[in-house]
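These notes open a run of structures that come right after.
Two complexes come next, and they have one chain in common, subunit A, joined by subunit B in the first and subunit C in the second.
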Partner chain A sequence: MILALTDILPALLVTHAPALLVVAPMVLAPLVAMLPSGRLAWGFAVLGTGFSLIMALVLLGQVQSVEDGAVISYAMGGWAPPAGIEFRIDTLNALVLLLVTGMGFLASIFGWPTIKAEIASAKTSMFFAAYLVCFTGLCGVAATGDAFNLFVFLEISSIATYVLVALGAGRDRRALPAASNYLLMGTIGASFFVVGVGFLFAATGTLNMAELSLRLEDVEDNKAVLAGYAFIFVGLGLKAAMFPLHQWLPNAYAYSPSFVTMFLAATATKVAIYALIRFLFSVFGLEFSFEGASLILILMPMGLAAMIACSFQAVFQTDIRRMLAYSSVAQVGYILLGVSLGTAAGVSAGLVHLVNHGVIKGALFMAVAGAVLVYQGTSLNDFRGLGRSAPWTMTAFGISGLSLIGVPLTAGFQSKFALVQALLEQGWWWAAIVVVFSSVLAVIYMGRVLEAVFFQAPLNPNKRQKEAPLIILLPLWGLVLVNLWIGLNGRFLFGLTDGAAASLFGGGF
Partner chain B sequence: MMPLLPALNPGLLMVVMGLIAVVLPWQRLRQFLLVLTPVFCSVLLLGAERGVDLATIQTLGLNLVLFKVDSLSFIFALAFLIASFLNAIYAMHTDDRLQDGMAMAYAGAAIAATLAGDLMTLFIFWEITAVSSVFLILRAGTKAAYQAAMRYLVIQVFSGVLLLNGLAYVHGDGGDLSLTAFTSFAEPGSVLIFLAFAIKAAFPFLHNWLQDAYPKATVVGAVVLSAFTTKLAIYAFARMFPGFEILIWIGAVMTVFPVFFAVIENDLRKVLSYSLNNQLGFMICAIGIGTPLAINGAAGHAFAHIIYKGLLFMSMGAVLYRVGTVKATELGGLYKSMPWTTIFCIIGAMSISAFPLFSGFVAKSMTMSAVGSGGYTLVWLMLLFASAGVLEHSGIKIPYFTFFGHDAGHRVKEAPFNMLLAMGLAAFICIAIGLPMIGGLGYGWLYGLLPCTAAAVADVCLSSGEAIKTYQPYTLDHVITQMQLLVLAILAFMLLKRAGLYPPERPGTILDTDWFYRKPGYGLAKWSGDVWLKLGPAMTRISAALFHRTFDRLEAAFSPRGALAREGLATTMSVWAAALLGFVMLVVLFAG
Partner chain C sequence: MTDHHIILRVVAKVLIPFIALYGFYVQFHGEYSPGGGFQAGVILAVSLILYSLIFGIAPTMRAVTPGFARAVAAIGFLLYACVGIAALIGGGNFLDYDALVDEPVGGHLGQHLGIILIEIGVLMAVAGSMTAIFYAFAGRVSEIRDEDW
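For the complex of A and B:
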């Protein structure tokens, strides 16, 4: 089906797909900023992200057209790498791009009613422009093959994100300190990253990631490389909300506009994790003796700590969005735990969870946004009895919540099963026990909400029966169906992640 | 029939129908569907080909066999279908979509698990039984029921987790996931799977969830719950662990210890829950023996048990529905107002006590004979004691304190017609399969369904290497032994009652072993929660104080003043980032 898409589209679109995917929303952004009508801006945002989604599908089709997964190398502006900037798409990139563009597209469809309610109409066009810039940055990170270019895109997306988070101030003033905190922390992360890239450049003389990985082999003992590794590791860890560098996340998610929360939760940390995986396994590669040590001594304990500590914190939250935010950090822990195994199976399990968690959290935040739009209030008490007032919205919430716990027949189960299998394969049974324990905590914090939603009487009995608008329900149920589809038949996703992991371990670039 | 239908697992159909019923607002249509579905599913089951994989799907690199029937799964599935049919009738007086639908989904999941052809499918439906059944407890709507339901859910899901881990071991070891019996505990994963089953089968010390949750369920809920979960575990044991000697002893202990609790318990539905435990002991013991006769005993007993235990719970449910209590101290003399319920309850009581002519007798005789011929004298004596105990607390105590005894003065209406109909049908089955063979009706009908007959042989029957023989329940010595036991036990009850020595019913709570994990466990959880709540802010304060002094420079370098003073968060985190950077540097330097 995806291959057919490549045939239908004009050849020009197909050859330049890597560039167009990123450039289209970038060009649209200033255009959208000048539009007088918010509704028109929304239309353009949907078009732009939809176009990127099609490009991502085209790329996936091209990558999948060869048995072991092809690698598309696209020279920006015709300047051949390593001197010029290279966009480099393999199965892993294509997978992350599909996630980002897919979620971006659904988010832009769903966003209109909540944005209309939460953002002043004069700012709506600017808001969509910022969103498109953020989207561009995330796509760029996932597409580029150049380390410095990756930094640039990371900053593009981050700076736009700070703006988006701060715009939540219209609803809750606490969005401002949250955004400023996020700005500070994000800048520290980005600075660390760019310092690390600087060290690597000093040691090797190149910024192209493929070239870096070749040249790094010769300078293994160079202390600058070691320092560069440490800076990049921590910098990307911060962006990915690796425990204990996650503290910017809960407030940023809790106080930003509903739409922004949903989009960020599904994509932002995922892209940072992608970059981390890319640097760990492609650029450096497991031959570096220190890398294995850092996986086992840092990534694994941090992953486990996140799964436990943040799940506990989620248990004690009374605000649903904060609770989901803490749960996100815990889920990042699962992904990093899989990655820290340093095996193809482990990374594949991590990637599966990366995608699944994007789908799950996206749907959860969408449902919350829908409920907040109609009923106001994000505390647990506000959600009491909503199962009866808004059954469609809340059923989608419930299914995604069960998936977050890891109930069989849902996507969450597939990823946890794969993770436990990968852990047992390496004999890390104690980590598997922690996974199970953390799942029990998930049962508690999700169960608490589901119980309130479906079994408790509403606080205010006069609450009227009203669903979220159809334009929210459609993308929401789309995500739920994707979730169930993965849960019933994970072959497509597992095929992609296994391919991505195999290409990471099959000699890097 | 359509070509698709033979490959449709009836259980799966019931799960789907149950979920549909949850959203179906029209009471009559829903109940019509719920009664009809088990009948239709029985047709599917009867028509299903034996011993072949009827439906398979590939996923996760596993071959899932969704539907496979052999003589062992057949008898369990049939019993489950009959039970869900009776339950649907029994529930007709209520208009409760969630309860109706979840009861059907739960029954369907149990049936689908029974008809599963591999461990993974079994696991999936195993978990669905747990999740769907919890609603039957929740719907009681009381705080106690809510808390019991949560404990129940945690334990049931934990059982599923163990099963999943076990099957991951089996799979990881290169073993296929088909349901072939284990031969020893040395096989990978067998211990985990054993424990998973043991929790569901309510083994001693793992049993508390049962007495905790069932008596707190709704009127209909307790009836439904009594049929499926534990019998699914019995099936699973018969399938995976036949002939494991440890089961003989566990089973024997399991028959004996609930007797003491049941005799002094005041809540009659709790008495029935203890007695359920004791009955399961007989089946576990038989599975431990593992000969074809013993497997037949376990399966036949399970079949008969599902019906008569359901009947007893139904009668107690009817009393609860009309009178509002099932405390022995508050009941008595109800035979005047509820004559039909009384009769049906007595039939159930006589079945569970294994009076000749009733279903319990023809089923339990097989187990007793198998234990006797296996040479386990001590076990045989324990089972004998337990049989007397069953008569005491289920056979006599339940009907006596409810319907006779001192008249508590309740003058209520007879149970609703649909309840009477369900009880009547169950009572009919109890007698129909217990009678000697008269004109095609009688125990032969049950024996024809057994898993180890000349006509149909399940895999597990051959594991012990013993030949399959036909068994006669109505021989002179069987009947006489049983009658002696029964008459003496009744005599003992009368004498004790006369002499005033029978333990009087007192309103109160009897402590079972679950006290040890419930009270201190709750305390521990609460304490940890308090500690966490106090520790969190305290730690933030301490760390913030520390960091403020030590890292003033860093703070000034990384962030403008105002924001930090208000929030204090960015400081903490930048320090974390720096610390982690230092740590990574150290690790990298020393490892490299």
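For the complex of A and C:
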């Protein structure tokens, strides 16, 4: 199907797909900023993200056209790498790009009703411009093969994100401190990252990631490289909300506009985790002596701690969005635990969970946004009995919630099963027990919500039955179907993640 | 307008045109010597900010409206991206200046044209957004009146 797409599209679009994927939303952003009408801006946002999605599919088709996964290199401005900036797409990039563009496209479709309700109409087109800039940045991070360019795109997306979060102030003033906290933490993270890249540049004289990985082999014991490693690790860890650097996340997710929460939860931390994986395994490489120790001594305990501590915190939340936000940090823990194994199976399991969690949390926040739009209120009390008044919205919420717990036949089960298998393969049975324990905590915190939604009497029994608008229900159920499809037949996704992990371990680039 | 800032006002009136002119000097020398759109954009915006510090934000906003500043920023950004896309259509990669003009091998017209257009885009984007940011801070009306505290 994807190959057929490559045949239909004009050759210009196919050969320049890596650049166009990032450029299309980038060009639309200033255009949208000048538009007077929010509705028109929404149309452009859907078009731009949809176009990027098609480009991501084309790239995936090109990467998959070869048995072991091809690598597409695109030289910006015709300057050949390593001197020029290179966009480099392998299976891992294509997978992350597909996640970001797919979620971005669905988010843009679903966004209109909630944005209209939550954002002042004079600011709507600027809001969409900021959203497109954020989307551009995330795509750029996932596409680029240049360490400094990655920093630039990371900042492009982050700065737009701070704006998007702060615009939640129309609904709840607490969005402003949340955004300024996020700004401070995010800027610290970005500064750490760029300092780390500076150290690497000083030691090797190149910024191209493929070239870096080659040259780093000769200077492995250099103290500057070790310092650079630590800086990059912490910087990207902050962006990825790695425990205990996740303090910015719960408030940012709880108080930003519903649309922003949904988009960020499904993409932003995922892209940062991708960057972390890229640096750990491709740029530094597993032979890097420092790294083996840091994976087991730092990444693994952090992952375990996130799974336990943040799941506990989620249990005690009364606000649904805060609860889901804490659960997000816990899920980042699962992904990092898989990565910390340092084996192909572990990284593959981590990547499966990265995609699955995007799909699950995207759907959950989408359903919450739909409920908030119609019924207001995000506390557990407000959700009582919604299963009866909005069955379609809440069934989607329920299925995704079960998937978050890891019930069989859903995507969440596939990734947790893969993770436990990878853990047992290495003999980390105690970590597998922690995974199961954390899933029990997920049963508790999701169970509280599902019980309130489906088994308690509605808050106001006279409230007539009212669903979220169709424009929310369609992308929501799209995500739920994807979730169930992965749960029933994970072959497509596992094929991709195994390919991505193999390319990470097969000599990096 | 009070009189006791007369020195400031006279000096500013003399200086501001030169500051703006210096901005354009930095802009057009950026191709061969240190400088370029980024610095030039900041200098240009500074001339405007200096004017508003001394003569007040209201007359500045009348001369250069916030909407105009935002539009300049957006058009500058757009100009940059369009040069990249023009190169794409000309048969090169994104931002490949050589593909902008059809010229014999060894010609540098494309490179000159590309960098000048890009730098103008950067100038507009930076000057426009610096001004817009300044307006956003300086022109902010407090949401609670002082008497209500």
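Rule of thumb we're sticking to: the second predicted complex is superposed on the first by the 509 of 509 C-alpha atoms of A that agree within 3 Å, B and C clash if a C-alpha of one lies under 4 Å from a C-alpha of the other, contacts with A are read in each partner's own complex, and residues count from 1 in each chain.
One rule holds in what follows: contacts are C-beta pairs under 8 Å (C-beta built on N, C-alpha and C of every residue); 3 or more make two chains touch, one makes a residue touch a chain.
All of these numbers come straight from a predicted model, not from anything done at the bench.
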Identify the partner contact of A:229: answer first if only subunit B is touched, second if only subunit C is, both if each is, neither if none is.
first
Contacts for A:30 in the overlay, against subunit B (first) and subunit C (second): which applies, first, second, both or neither?
second
Partner chain(s) touched by A:506 [first = subunit B, second = subunit C, both, neither]
neither
So, does A:377 touch the first partner subunit B, the second partner subunit C, both, or neither?
neither
With both complexes superposed on chain A, which partner does A:407 reach: first (subunit B), second (subunit C), both or neither?
first
First (subunit B), second (subunit C), both or neither touched by A:77:
second
Touching residues of subunit B toward subunit A in the complex: what are they?
58-60, 123-124, 127-128, 131, 138, 150, 154, 157, 161, 164-165, 168-169, 172, 529, 532-533, 536, 558-559, 563, 566-567, 569-570, 572-574, 576-577, 580-581, 583-585, 587-592
Quick check on the complex: what are the subunit A residues that touch subunit B?
177, 180-181, 184-185, 188-189, 192, 220-221, 223, 226-227, 229-231, 233-234, 237-238, 244-245, 247-248, 251, 288-290, 292-294, 297-298, 312-313, 316, 407-409, 414, 417, 420-421, 424-425, 432, 436, 439-440, 443, 447, 455, 488-491, 494
Under the stated contact criterion, what part of subunit C meets subunit A in this complex?
70-71, 73-75, 77-78, 81-82, 84-85, 87-89, 92-99
Touching subunit C in the complex, subunit A uses residues 12, 16, 19-20, 23, 26-27, 29-31, 33-34, 74-78
